[in-house]
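Just dropping this structure here.
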């Protein structure tokens, strides 16, 4: 029975009962003594995260000779040659573009199909809903190694091999369930009375969804897109199997640095650095959504 | 080398970009002018004749877009960046020559073999798969192809007999299944300067009682490794040995490629032992694999194989830098160039280009190398007539599942990159010789002193003792994977070498049994022998005049033998002068007693 | 029609999937005819519907079969009997 | 929130269903088909019955790898979850530093897995890697290529480096959703730091933490690329996890039958454990909701 | 006119609405009164068309609208929570139904301005709802409902989440504002005095059933049964079991009083009497004689708690097994545990028979 308990939504809308900025500031001030000591934990943690990345970056600016001949803390013979190799060779830099293209396609497809599904899960009960939801999650649990050959044959049956679309579609396997999961959390945070108010106002469902609902869960879409980006960008096994040359991902191109003539550390690390950059840019753009989005949704 | 490569790439790219849009002789001439010049075993007229043939033969395929793939080594980079665009300009066939890791090439090839879907129109993969290709019948038999379907696209100037790796890609049925594109060998590598240092020589002689020189057998190699390890040279601690031990597919190659054959596993025979090859796989008279364990007449877990594993482990622990244990093949390759390694039991000549770069610790100021390459030493089970090392022959393979017109276009490209027109130039870039005519080219006589013995080796008759995996191996991808797993177990000490090899041969036989059960390979597929004890097989070998499996030798530390490098080279030249090249059958290791030294008793 | 021969169908696996899909369809029909899923709290001490009980039965049966293969040389048909008993148990008590 | 019964909601789920069924059900059925057959290429299959299952279930390789996998997941969860909570607790709650922290912390999550492996493989090398060099110059005999313990330490530290941030992000999300009034009340009651954590922060983070545990469990149990690049499963078999064996079988040897059987067993184990986690999670979640005090 | 005919709604095993029939006239103000979970909201959702009834029919102006989706009906609804579109400005929030209807901008502008003026939201039109106080947010929601000019306006406890002052203020304005529109005005509340203040007609709900529907004061004064009486009483109705013998009612303890004239001819038997708390007066000390002679009755009870609210005092006391609440004027100091005498005028009691049906109610203007 519809006993409307005051939702968290309502709560957030009443400044007095939510954690106001002033109250927060007060708390921080009250804890200044603690605060100084506490700040070292994230600092050390971030240092721990950054040192290996620094090492990667520093190697990428060294010639191979310097890399293999011993340890230098920073590049003694600073060089951009490793990057030059990549940017002068279309078979290198095109893979970079390929990766971005299929990742973005995957993001769009995943979020687009996940939105209505998440809406259904957050608003309605229907035959088999709970099992369906768990089944979707199980798709994240299948070890992909054996699935790659069926994937290859399935996509070649549809003539999709070596297209960006194939990889984007295949990555939906693990990204769509995640996107549904995340979005469902965010949508559940929006009271369904908003939907009803819109219907009462005369909105049709698509119009309501586009004009009222999507802006409301923008943070959720941001977070979902972030996770889709993340898991699609880092995946290699499937992407490599479904592509040949035209859609080859950067991570697959990196295997060529290791050959019968040795390992080209310089180019390998330069390519590694380049793979970090898009991720860093994406985080920068969604950073506020992540902080806010996590707070609202239940991810 | 890389700079030179990039320079010429740019040049060709500019030349081609400015040319007219239609494919033809104009482009061919531009290409010959800009890229080939006199770096060819053909005269300019012959070059143009060959180019004209390509233009004509490619006529029906103009505008076609084909994809071929190979691993990443300098030779293939040159093909991908210089020859492929040139071929496109000349013939109008769009070629994408993709470069990926070697493991990935095999994976794509297997995917195509499993699914029957065409992924690449042609593959350059190692001739190690010859037994696989021959038995599964999934690749085009090139002998028939050149006479039949592919006759109109087969270059009359191809000259198959000029390929030094022809025997590696020929199956027991006498048919050619692959066309070599690049080859490199596994040779002994050592610091010529240190070996000729008077103090080192005197100290060595004093300690071991014989001259420091190129080791002919493992016994000498071991002494030299011990001698150099921990020694201080030019203010640095050096090591007497280099290898690698990370659990990685490349660890398996090391053994299937070379360690076992050097140790003396299997039977005599060139390119591979018959009936038992260096993998320890026995075949019947009709080339049906019949066993891998000693119990079925194989030699994978025989004394020679176990001995090679034991030596590998001992030496890696005792004489190699500690980090070598965590390295793969690719990582360990450049280490000797850092100048702390005295010798390496076998080393891929593919590293030559990187080892002669100016300014690195192993090159003199005048640009000549401080190191040399020489035949690898052999183990105690090795006897004359066995292969002595590994030679990689990356070869063109056309799959049956590739549509015929695409196969034809790819075949044209394959012939172009191995044509006599381009081969000398290509070999100068990548140092991976495939043609006798190229090896004999004057330009290499000139360049020889800078290459540390590479040219001398290839001109010597000894080179036929370096061969890839042979036709006894019925499914290379499935079987090769078993090696690194099992040897990894031995490397960690969780199994003794004997236990590891027992497990390995059992696993190999399991694959053979599955093949036999399924019967996919027909009458050339596996047919396992009955199990017997070792004595039975030793007796059988004696009766048949073969060798494997050899019983355990009581003394595995034989009398060490070394040879002076300069004498060795001279003996190669001598034999070249005295004997015309023949396929196989050559007495390879210099036998002249005065050049070799043994400890004085 | 798209060629699906690469899926490597065999009769036993085809029957296996037909049975699974039939079970799902059956559960769907049952739920449609008598909605609510008859939730109750059984020995697992949380509320289960008959869908949950089917899931537990199937997962449990899979492990019973795996255990059988691990421990016994006997035919898998006997394991199927154990599975049937297990399913009955689950639908009674969980 | 009370949800209304509406079977038409199936239409909303339909696109997801079709998409995932296409990418999951067809390959899964194919894998089941593989698992009872043997193949040597050319799409030719030979009946093998349950041989592969028996072979894998009775192989000590499989048992050892499974055991290692469980150990690894347990160790990794035992380190990452507390560490993630500690870091999240000490993160600033507002200001520019929040963004800076979040961005820097999320960095490792967005690096392709093979690059993560490469970074650590080089970083831990004793000759050219900063970490390995420093450690061995401190007089510690460290060599991950030789010593199984060192290899484990390296792989675990790498995973902590790679994934702890996920726990931090989720735990932080849980923390910032706690209204300030809770802290005020605790202060008035004179609650200790531990009590605040135990009775306010931990329950509020409960849900997101269980999600973090579920995700971390699934991913750590399926870990492949990173340890493969670093140790290749060695030295010996000391870091050979199930997936490393599986990939070797499926992609290296193309032994599709045994690989399919193994991955089905593997999948069932993950499914069982995840189901247990999920059931706990949803039931705890339901409790938390029902206990939410009415206003 | 909105008519519900034998409407029921069942979800799973729960019966939300049971066989409700109601007729609501245009230009009337209607109150749905009942405690939490009594079915007010469910009933409103059926009226609005947000939910479809499991059985029964809904007519709007004589037309069957039972299955018609909500967006095709001309209704407006305001929720207890302040439901607005958080991403739109107040102006757009109010304009929303008009925009959807495709009204020209000038008309929208005029209507929005007028509604905003009426609800005192004119200064805040450019803000977004999250930057407003709760009262302002609810005014925005009300303005949106107003601007639509709906045939049916449903307000579901719109003031429950507001503080006291705002509530008082809005409660006064609301009937006036909506009276002009000619709509059927339905207002759900849990508070009886709110119903009384709003006037109009009231339907009392209990466990998904409408127990009584009629003129508000009439329902209050003459509830048809005990359930309705309990619903329409705040503080709770005091119910005491009595036995009628002849002309007297006798209860527990020494309670005994003569039946008022209207109930004299009730047959003898067991009854329940309901006494509204403000009908009880406080006597002095234990054993003191009841004031008011024969026309009044009294009983003694033990005080458990006293609550003082400004000018009035609630006295909670135990009388036998019954809990009694008395609302008395002025500030009284009575300690817990004290015995007090509570008196009432029998003319003001409600008498229910054993099935809970009203057997007698005060005739006088006794509310």
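Just a few scattered comments:
Note that the chains are named A, B, C, D and E in the order they appear, and that numbering of residues resets to 1 at the start of each chain.
Keep in mind that, in the parts below, a contact is a pair of C-beta atoms (placed from the backbone, for glycine too) under 8 Å apart; a residue touches a chain by one contact, two chains touch by 3 or more.
Per UniProt, the chains are A = Carbohydrate ABC transporter permease; B = ABC transporter substrate-binding protein; D = Sugar ABC transporter permease; E = ABC transporter ATP-binding protein.
Here the structure is a predicted model, which is why all the values come from computation and not from measurement.
Looking at chain B and chain D, the chains that touch each of them are A. Of all chains, the one whose Cα centroid sits at the greatest distance from that of chain D is E. Across the two candidate interfaces, A-C and C-D, the one carrying more C-beta contacts is C-D.
For the pair chain C and chain D, the distance between mean C-alpha positions equals 28 Å.
Note: centroid distance chain A to chain E, computed from Cα atoms, is 52 Å. Chain A and chain B have Cα centroids separated by 44 Å. Separating the CA-averaged centres of chain B and chain E is a span of 94 Å.
For chain A, the set of residues that touch two or more other chains comprises 1-2, 6-7, 68, 127, 134, 149-150, 153, 191. For chain B, the set of residues that touch two or more other chains comprises 103, 114-115, 328. The set of chain E residues that touch two or more partner chains comprises 12.
By the touch criterion given at the top, residues 6, 67, 71-74, 80-81, 96, 98-104, 108, 111, 114-115, 117, 119-120, 184, 328-331, 333-335, 337-338, 348, 350-351, 353-354, 359-361, 392 of chain B touch chain A in their complex. Across the interface of their complex, chain B is touched by residues 64-65, 68-69, 88-89, 91, 149, 152-153, 156, 161, 240-241, 244-245, 248, 252-253, 255-263 of chain A.
Against chain B, in their complex, chain D makes its touches with residues 38-44, 46, 125-127, 132, 143-146, 148, 231-238, 240, 248, 251-256.
On the side of chain E, the complex with chain A involves touching residues 14, 16, 36-37, 39, 41-42, 45, 48, 50, 69-71, 75-77, 79-88, 96-97, 100-101, 129-130, 134, 137, 141, 144, 148, 156, 161.
Contact residues of chain C toward chain A in the complex are 2-4, 6-7, 27-28, 31-32, 35, 49, 51-52, 55.
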